[in-house]
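Here chain A shows up in two complexes: once beside chain B, once beside chain C.
Moving on to the complex of A and B:
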């Protein structure tokens, strides 16, 4: 019983990180149909920022100052990446260049991390003490990640349904040509969407820094888990990413707890294949009328 | 065009293996053996990506599985290398088929993520099952008989590697010349159009993954004598990404692309940055990114494109529809006399998309050898009905019969084989193939090059062979798509808004083509069209669809007076010439 609670609580915590990656996927995907393979390494960079700026026993004050800084920094970086990714798409008929450019961006970030810090994994300490919940000790970053995921879910929901810019992005998602004809500046909004996804992973990486692996080769694992979360929930649906993320977190934590950490990714892969074979549109996605 | 690339590729492979051996440079001889193994894998990836349209980021896992299996069987269990070789290839084939399974359901980035996950998980599992694989300690395999240098400094291993890589290049080129290779490319460009040409895309994807696994497996099994050591670290996700990038950097779809791509991505970091191995990853990430930004078609692809552009300007031979229609050979061909029997019968067809009821209880009968017009406002369900009849969409209720036999449970490619053809709103012509090859794709369905239409059009062949349809005007593409459908010998033709985007004169020509198909060739035609003038001019009968229901049906003259029709189209009476 105690074990189950640990798995559940820790799984929900790390699952919130997956959910955040999934939501950051959705923002870009909805505006441009692009899935950013570099999103996992971007999360790691957010964590690295925390490692670089926070002292070994950080206070709460600096933490609150650097949290928005991390988000903004990653937003700027992703805007640049988004600009580069969209560049070949504007002129070429080859519409799959983003598969390569985003993967290349991911490889480059991993390579830079390798050059500057080798294969070492950095550790960050949280300024918040862990607390007891239902008889288990919960590290604060898990709870904060969950809180952050809920906050971003609410913000995105408001943004997509109330804010004018968000509505314009929703319009792009539904019909690109119609949106363009209506005078929406598609290119600019797509870069904005990249920047927003940067805000999400930048803040997520910073908040979850003490509980994620900040290393040169851990980004791929995060991007995969984020993708599994988004697919289980239904690509494009933030509610789906939230639910999917928590689900993936708990299931992979259970796998790690029962079979050992080396099987964590394998179980997520099995989960992904199972969902794609059974219900490719995900839990909250809708099968679309096919255009022929 | 493709031949010089093949020669270039084969020369590159042969020289890169023979020259270092002759010069006695062990370092370069070894490096180029690895390079050529990687070229083999990249050639397979190129075929998978460009010919079959399958995004796999996991080919490194196939390579690693073959190598590890060979290592286990030979190095740990003590069997001969032959047994290990076979076991390695078998293992790669099994994993290749596992990759193909999700490809039946999902495509594009979904498949990319699944295979990428497999590439991430694979080395983890090698470590996890260390009792079988020796884990991080790896397996040392000594095969002196294979690796000792013989005549001219070449070992058996280097000869095997050379033969394998050259065979991969030749195999890829040969596949393109076959009907199977052509169908593979068609299925990759447009699965829907492929199905209506009688091609089953899923089967071709399976074939492509199997072929790729075979080639990759052989390369993986040869990796063991080349390196003499296998460990999980060699087969991390980076390796899979390396193979994919090599194809892109060289030029996706170009025969020599993988050779150039692997050389650039492997040799540049290893030769220049040999001492600084940490920079290797950065180098190939940067090279891939820059190539994609500067030359989206890759190195070889950009050269080919520039050459082609210069050549093509000179020779654009349009399709002369009038000449085609007047051709006696084509005229002599009237396959079937019109009968009273119905060619298409739709009964109680129902289809719902989420909250939208696209078809509600549609009944439709199309007489054989007639032109039946289907009109109605946008969103009334016309295209859905065509998709249902051609088998691209499953009905929720009701049924479709072709010549009396229930067809609504059959997949699109089976219906095409039974004689159902269709065109699409935007013409689906295959731009990587010549105009003539586009026609041959149609005739492929009947398994013969000896098709009467190809015979009839033989005198156009020279002009249409060097010519690619990406330079054709819209109306010409439309005609080409229609002729391709005729080449399938379909007797029931479904045309989806064929007049859209055509000028007044082109529309008149197209009307002539429709009548020709009916009167001379005896085809049954279901025509979905917004141009009411055209419909009223050529159709024998007209059905009006509105909000998923047939609201009127009859001969053109009677239906023009129907008040419900008038309400829908103010121009209908005018179109009937009153």
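Moving on to the complex of A and C:
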């Protein structure tokens, strides 16, 4: 029982990172129907920013200063990526060139990391000490990632239901053409959605930097798990991404504990298949009617 | 003959004489520019999980080639390097190997450092009969299926023997658990460890795996902790992975002794960055290294390796500062050994000829590593006799590590 609790605590920690990637997927998906497959490497870039700006034994002060800087930097980068991705598209939901564009962005980021950082995995130390919980020493970045996931979930919920801009993005998610006919500046809001996803993934990468692999080739694993989290939860649902991320994290950790590390990824993908077979719209997704 | 005409004739004769002498003189030099260049293919995992080792391998090969070309080449032929990146992906590796042997028509090959990559590419290289030296440890790569491939790395069986000897004879451990990555080389190690432990009557309490670049091995270690082993055998393929295992041990508060493999020693720098030196002390971490890259007394360091370090630093300072120089030195020696094999075979680069020479005469080569050996049954060029247990965190010039039992803690 004690072992299971330890595994679940660590699973929730890494699962929170997957949930944050899932939420950043949703922000862009809701506004444009685009799945940004560069999100994994964007997370790594957030971690790399932490590596570059934080000293080897960082204090809490600089950490709080650079956290918003990382989020803003990634927001700017994602806005540029969004602009370039949307540039050739008349309608992002009818054309699929974004698939290549976002994958290309991921490959380019990986290549740039390789050129400037080499192949080594960078290490970042957390200014916050680990703490004991349920018989295990929990790395503070796990707890902070979970907290960050909850904060972003709350903020996004408020944004989509209370803020005028958020309501406009929600309108785009429901009917892009109707939103455009109503005078909503769709293209601008879609770029804004890219920037918001940058805020999420930039802050996530910075906070989780001590517990993620900051390397040129590690982004793929994170985007895969974030995607699985988003799909299991239901694409477009932030609650789904939150629950899906935690589920993926905890189940993959439990699989490693029970069946062995070689089954860690296989089990999370099996979970994806099982959920899609039973509930194709995901745990919290809504089935969408389609005119044929 | 008029004086003017006689002077002109003398001048022409002198000029012809100079040309003849120059031609004869040129004939006495090595035919460096005459023959076609000898093409050396670098078949290396320059990106992906094997990258840190492959980059070090490339440093060693490139340095050796520069020196060989400056000294007249191999059998009078200038060496030309062609590089291929397998991306640590067997599928990409097959494509790159095909390019090297079919398009580039390389004469000799160096790399890879990952077992799965060479296993996938073997049909291509076997058909081309190109002699090759890599640094892979899987025991599945035997002369029967890889007749022209030799490994500069100690094989899994040798590592297992050395690791178990350390655990039993020095640590007096009676039981052990194994954690490794999921690569082919690591799986060979696990199988060798099981056999070796059974032979020595040591109890195996559990086996677990993790994937490359994993950062949290807590669940795997938690499973192994239940078996309460005397020591934890760690077989990592990268220093970062080894560091993350030690970090996860600290998270669990499990103070077990860790007996590591060759990577734990050779890439200790990366592991130290991740886990910190305290983790090495807390778990009394040991690793396995070639004796040539170890020392006992800091005042009597091995000169051949120190000379290599100085040359590597002058050749590529930034690479020498960040890469494993012992690993680079291993490939540097490999190129020297291949040169000796080709020249002793009359300049031939045929796979069967070079393989036969290496099987019979590899031990004749005296480089930085002095204990090369191979046979028709084993193409692993380094055996267990060339190994020593080390403290991975006690490092001096160029990465030389102190042998276990030498010096104070």
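Just so we're on the same page, the second predicted complex is superposed on the first by the 281 of 292 C-alpha atoms of A that agree within 3 Å, B and C clash if a C-alpha of one lies under 4 Å from a C-alpha of the other, contacts with A are read in each partner's own complex, and residues count from 1 in each chain.
Convention: contacts are C-beta pairs under 8 Å (C-beta built on N, C-alpha and C of every residue); 3 or more make two chains touch, one makes a residue touch a chain.
Here the structure is a predicted model, which is why all the values come from computation and not from measurement.
> Here chain A is shared; do chain B and chain C fit on it together or clash?
On the shared chain A, the partners clash.
> With the two structures laid over each other on chain A, which partner does A:265 touch: chain B (first), chain C (second), both, or neither?
The answer is both, since A:265 touches chain B and chain C.
> For A:173 in the superposed arrangement: first (chain B), second (chain C), both or neither?
Once the two structures are laid over each other on A, A:173 reaches no partner at all.
> Considering only the touch criterion stated at the top, classify A:231 as touching first (chain B), second (chain C), both, or neither.
Only chain B is touched by A:231; chain C is not.
> Between chain B and chain C, whom does A:3 touch in the aligned arrangement: first, second, both, or neither?
A:3 contacts chain C only, not chain B.
> Pick one for A:114: touches chain B only (first), chain C only (second), both, or neither.
both
> May I ask you to decide whether A:221 touches chain B, chain C, both, or neither, giving the answer as first, second, both or neither?
Touch partners of A:221: chain B and chain C.
> Which partner does A:193 contact after superposing on A: first (chain B), second (chain C), both, neither?
After superposition on chain A, A:193 lies in contact with neither partner.
> Please identify the positions on chain A that touch both chain B and chain C, taking each partner from its own complex.
After superposing on chain A, chain A residues 114, 118, 217, 221, 260, 262, 265 contact both chain B and chain C.
> Which stretch or stretches of chain A touch chain C in the complex?
Touching chain C: residues 3, 6-7, 10, 13-14, 114, 118-121, 123, 130, 136-139, 211-213, 215-218, 221, 253-254, 256-257, 260-262, 264-265 of chain A.
> Would you mind writing out the residues of chain C in touch with chain A in their complex?
46-49, 51-52, 55, 182, 208-211, 213-220, 222-223, 226, 238, 240, 243, 250-253, 270, 273-274, 322
> If we count contacts the way the header does, which residues on chain A are in touch with chain B in the complex?
Those residues of chain A that touch chain B are 35, 84, 87-88, 92, 94, 96-97, 99-101, 103-108, 110-112, 114-115, 118, 217, 220-221, 224, 227-228, 231, 260, 262-263, 265-266, 268-269, 272-273, 276-277, 280, 286-290, 292.
> If you look only at chain B, which of its residues touch chain A in the complex?
Result: residues 55, 57, 101-102, 105-106, 108-110, 112-114, 116-118, 120-121, 124-125, 127-128, 192, 236-238, 241, 244-245, 248, 278-282, 284-286, 288-289, 292-293, 296-297, 353-354, 356, 358, 383-384, 387, 392-393, 424-425 of chain B touch chain A.
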